[in-house]
Amino acid sequence: MKISARNQFKGTIIELKPGVVTAKVIIDIGGGNIISSVITMDSVDDLKLKPGDNVTAFIKSTEVMIGKE
Amino acid sequence: MKISARNQFKGTIIELKPGVVTAKVIIDIGGGNIISSVITMDSVDDLKLKPGDNVTAFIKSTEVMIGKE
Amino acid sequence: MKISARNQFKGTIIELKPGVVTAKVIIDIGGGNIISSVITMDSVDDLKLKPGDNVTAFIKSTEVMIGKE
Amino acid sequence: MKISARNQFKGTIIELKPGVVTAKVIIDIGGGNIISSVITMDSVDDLKLKPGDNVTAFIKSTEVMIGKE
Amino acid sequence: MKISARNQFKGTIIELKPGVVTAKVIIDIGGGNIISSVITMDSVDDLKLKPGDNVTAFIKSTEVMIGKE
Amino acid sequence: MKISARNQFKGTIIELKPGVVTAKVIIDIGGGNIISSVITMDSVDDLKLKPGDNVTAFIKSTEVMIGKE
């Protein structure tokens, strides 16, 4: 399946911190770049996410802000 | 100023397509990774964005989805 | 691939209105429910979206608001 | 009051899981479709949300992604 | 109807710029504060929005970032 | 640094409620207006946020909905 989100980064889960409703998932996408994600615990359980998993991070273009010095 | 968004990627604008209300801005963040952003034309004008500009892309953790094979 | 977004609705594209940077895509998910989406023209081109296509709409739980009388 | 969000689904709360800052609210919108929402505990308290409540889920068009096989 | 969005600001539309798919709506909420919104042209038409209208801006808490010097 | 987000409100943190993964931050922006934000605990720690801090709230235009009576 192709997904419309223009930002798709393959990486590996290096940290997963469960909360009550949401969880934090940290993904190493290489090149020294790390992505931090907050998803539901339901998603963590459904996808059986755990450190070491190969995953893809998806981000819609409309969610990206830009800063300039 | 420090920004709360956990995902901050420094890069260079390699494409800027103006629309009527919004614009598309493509940023090369290195390591073979490209970020696509849709922001308002007002922001493009206010920050005087143009190809070649060094910028930072900001993305909240809550906006990141995860896919797993 | 399984996607973390908790809201996933299968349906058929019944309208696609192209803009300059973004496009509107209307999806019939059955049961009398219609979903309206705004995505980039780049996504429309990449996925070759057109009316009649069978697609899935994905929405993160954090993007859903609730109203009560 | 009319709300600009193009996606508005009437339904019934079938599950409400409180967390510390956020809560998960599951809404049955009929036709076999379920909507998962994460909102603040403040909202749960302010709207006095509980299972069985008739509510409306609101989602902006810009928050909908599309996938195609 | 009460809405779960924790940020609700009453104001007056002072500018409305139509695009193809989306429109920019500028709202004066008083106290010297202005809110900029991008919504669909469908919403503008459905709510018959125009400068001078009294409206309420709604923003989910999860969409607010924080910066600190 | 200038940020593309069109909505930027300076204010003072008047409440900070930590959770497990996320935290609630309430900001008084003056003129009788209060902003509620949900950010990660990681951001709270990284920016050393606490009540009394002078901060800026950032909100993208695409995240603002409009209601009209």
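When the chains are written out, they are named A, B, C, D, E and F in that same order, and each has its own residue count from 1.
Methods note: a contact is a pair of C-beta atoms (placed from the backbone, for glycine too) under 8 Å apart; a residue touches a chain by one contact, two chains touch by 3 or more.
Computed from a predicted structure; not experimentally measured.
Trainee: Tell me which chains count as touching both subunit E and subunit F.
Mentor: Chains touching both subunit E and subunit F: B, D.
Trainee: Shared interface numbers for subunit B and subunit C above half of all numbers used, same, or below, different?
Mentor: Both copies, subunit B as well as subunit C, present different residues to each other, with under half of the numbers appearing on both sides.
Trainee: Averaging only over C-alpha atoms, locate the centres of subunit D and subunit E and give their separation in whole Å.
Mentor: 21
Trainee: Determine the centre-to-centre distance between subunit C and subunit E, using the mean Cα coordinates as centres, and give it in whole Å.
Mentor: 22
Trainee: Go ahead and note the Å separation of the Cα centroids belonging to subunit C and subunit D.
Mentor: From the centre of subunit C to the centre of subunit D is 17 Å.
Trainee: Quick one: which residues in subunit C touch 2 or more of the other chains?
Mentor: Expected reply: 1-6, 19-20, 22, 24, 36, 38-40, 42-43, 47, 49, 56, 58, 60-63, 65-69.
Trainee: If I apply the definition of touch given earlier, which pairs of chains qualify?
Mentor: Final set of chain pairs in contact is A-B, A-C, A-D, A-F, B-C, B-E, B-F, C-D, C-E, D-E, D-F, E-F.
Trainee: Using the touch definition up top, name the residues of subunit D that touch subunit A in the complex.
Mentor: It is residues 17-20, 22-24, 36, 38, 62-63, 65-69 of subunit D that touch subunit A.
Trainee: Please name which positions on subunit D make contact with subunit E in the complex.
Mentor: Interface residues on the subunit D side: 1-6, 38-40, 42-43, 46-47, 56, 58, 60-62.
Trainee: Can you check the complex and tell me which residues of subunit F touch subunit E?
Mentor: It is residues 3, 5-7, 9, 24-25, 27, 29-33, 35-39, 43, 47-49, 53-69 of subunit F that touch subunit E.
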